[in-house]
């Protein structure tokens, strides 16, 4: 091979085989790279605008420049990222809608684990890391070589909450239920004492089944994510609870999609379940003459406390991006989740602040003083669980969903539904 | 039964069937003019209390309908032009040029009709990525730039051209290409019109392929845009219906205007199979 | 001789563009689909697994169920579409005023996009606000879940579910006009002398239809049967938008899989579960089934086709 060609080949080899995401020796963070990084996100509408404002602020105070590109809904963003990985044309960083997607990208060897940056000179001290809500860090960690490693980084997080209509509760003489049994009793009381629909929701795996399961100490999958764990006494109790509400007590109106929202907003329903960011949508759907103050409470507790699911999005850095771009992406992510920014983003978007120190920030305290509902989602975080970080979750979720549906429609007993699902899920996890 | 009674009965039957056919469209129009509250009231009202034409404006603004229509238009026009070009050339060759093995080639082309679209969907998706055509107009137009159906129809038309015409043209120094362009195609205008119409309608109504290879609003055609719109408006059904009316209207108008050619075209294609 | 060769080359050049596009985007992908089906292929192409995907398909309860649902779908829509289409065509064949208007109205669904049609019907069948439940309420009947109802209309656990039945109804509604129009041309192609002669001999009404009309439109009938069957076996758009679920990418919903026809199964595995190798195997298998049925259809019915002249 001729000289220049040889040199070229060697350069390429070195670049390809060198460590992805070159990190400076611990101690001194190097100067910021002057690069423009591409950031694919799925925040639309008003939230997209607010995110844009944050990014403008970052760009004006940093050498690293962020170019945000809106890619559609989370589903569309996911498809775009998958296509990009297949075509080899990934951006520098992107939003992911939770541990399953992170796990999939990770399995395709498309990501640089965030742990690498956290441990680097640009990273965070142990104290700083401890400021983050542990549940959120768990939500972003995957077992790598047996060790729990941060693969993605939290950003916009919400959790599932119980919504209620205080007027109806007062009319029925019911207080806000704190345990699952109290909720069931409350629903029965509402049914007997008022004309309102006690509970209206669109049942799926995330609303009720998983939180109930977790609140009993159960789990959907084994901790190494290789076997189904939901066909347990806790899992059966979780499903039986909903089945009892629907088929025995008949205190539930089952809806499709967002169809539960309008009746609740119109004051016809006592309880609903949704994520913490639903409040503005509900308020918007209220008729002008019949407004009420939407009540928000954590999901009821089981013997092992109250649990809830984490929704929203996290951030990932792609391994195929140039090293300095990856570093720039981390610098941006770190800034985004500093106390000031996380408070600002939370107040602007309705997502939760990610750090404990946010509670004491003046802006946040002022907002909480004005309306204590701001704290409900945050307080529920300590019982929050991320969705199982299995790359096969996309295939598992419909199976579980079918089990829930079959039981709720009375087509299958709880035992049979879960047993069938367990077998299918184990087959999926066993793969080839 | 008297003839008059029979006739009346016939009209009633046909009118009834017509109502069943048209009913969803009427319902679509009715809902599109209601307020959100009225649209989501139960039992549903037949006629809107107020005729809110502003819903169309709201729907138009709620999603980039203009862009969606433009994309569908580009896709349709692109496919029509390319498909007519390739089909005319191929049909002419099969009908009038002494190409060895043309019978076999024609048979092979017909055989490709049994390949169901799902089989080609996934590989074409991968191919679009590898070619860098993902989320581009190229991906929306080129794969549909040749249709065996169109070749078939045009071949039939070209076969019916009188042989003497060609002989005469040859004496004037006309080659095949010239003959095709100056004589064969102009004389087959009705068939070309049908081919153009059918191709355009198919392109306008296409859904599955554009769904998977467009990713951004600036490439999305109207049918895909409509389903995205459905998930965006969630409970604003009146806006969704308004959007649907807008998506249906262009084709309905073209259909009313070109009704005869349309139906003739379908029928003629149908008879010979 | 050279002139012949030159002409031949010219001919091939004329054919080239069409053959290139059809070859590249229809024939080659079919072969490549088979190639893909031999691998474990998720986001990235992983290992060669030979025919294991096909083996898995045969054991996959969901796939087998989707074949059953497709069969029910085909059997429930094609005969009905054709019969109703023929009936309408016979009506249209009478010398009636407003025939043009009627023809227009019957054909309108077919030119409308299946997406728009599915959205409107989805709205009609909405369990909370739809006019279908409104009609039921007005006669005092209980509201139905329609497109979300997995229970069967014949037997509780047998297909078709109410959801599938609703989609089948819409399918028939959509295609009736197409059949009517094609049958109508078939009817008008029957030479008048034949029907006149038959009438003079005393044949009328049903007898005329059975011995003259029906045999003479058999080429049309055969063609429509073929087209409708293949179309129904590979049906996607209507089923996806109505039964695929409430979200843009249709990866949710679908009451207990009772509306998952074969084409939806392929799509789900490919698009929602990112199992490209497995989905390709399913698509290819489906393609073979379509081919087999097309050939069987040809063998079974072509002998019964009567040609005039």
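To keep things simple, chains are lettered A, B and C as they appear, and every chain counts its residues starting from 1.
The rule is simple: contacts are C-beta pairs under 8 Å (C-beta built on N, C-alpha and C of every residue); 3 or more make two chains touch, one makes a residue touch a chain.
Source: prediction; values computed, not measured.
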Quick check on the contact graph: shortest path length from subunit B to subunit C, in steps?
1
Two chains share more C-beta contact pairs than any other pair here; which two are they?
B-C
Taking each chain's centre as the mean of its CA atoms, which one is farthest from the centre of subunit B?
A
Report the inter-centroid distance (CA atoms only) between subunit B and subunit C in whole Å.
17
Find the geometric centre of each of subunit A and subunit B from their Cα atoms only, then give the gap between the two centres in Å, rounded to an integer.
42
Touching two or more other chains - residues of subunit C
128, 246-248, 271
Mind pulling the residue numbers of subunit B that touch at least two other chains?
40, 126, 228, 231
Residue ranges of subunit A touching at least 2 other chains are 73, 76, 79, 86, 257, 259
Inside the complex, what are the residues of subunit B that reach subunit C?
7, 10-11, 13-14, 17-18, 20-22, 24-25, 27-28, 31, 39-44, 85-87, 89-90, 92-94, 97-100, 102, 105, 109, 112, 114-124, 126-127, 142-146, 148, 151, 175-176, 201, 204-205, 207-208, 212, 222-223, 226-228, 230-231, 237, 240-241, 244, 247-248, 251-252, 255-256, 259, 262-263, 266-268, 270-271, 273
Can you list the residues on subunit A that touch subunit C in the complex?
73, 75-76, 79, 82, 85-86, 104-105, 107-110, 204, 255-257, 259, 394-395, 398, 401-402, 405-406, 409, 411, 432
Where on subunit C does subunit B make contact in their complex?
4, 7-8, 10-12, 14-15, 17-22, 25-30, 32-33, 36, 88, 91-92, 94, 96, 98, 100, 102-109, 111-117, 119-121, 123-124, 126, 128-131, 133-134, 137-138, 173, 176-178, 181-182, 184-186, 189, 219-220, 222-224, 226, 230, 233-234, 236-237, 240-241, 246-248, 263, 266-267, 270-271, 276, 279-280, 283-284, 286-287, 290-291, 294
Enumerate the contact residues on subunit C facing subunit A in the complex.
40, 42-44, 47, 49, 52, 127-128, 148, 150-151, 156-157, 246-249, 251-253, 255-257, 271-275
Where on subunit A is subunit B touching in the complex?
71-73, 76, 79-80, 83, 86-87, 257-259, 261-262, 285, 287
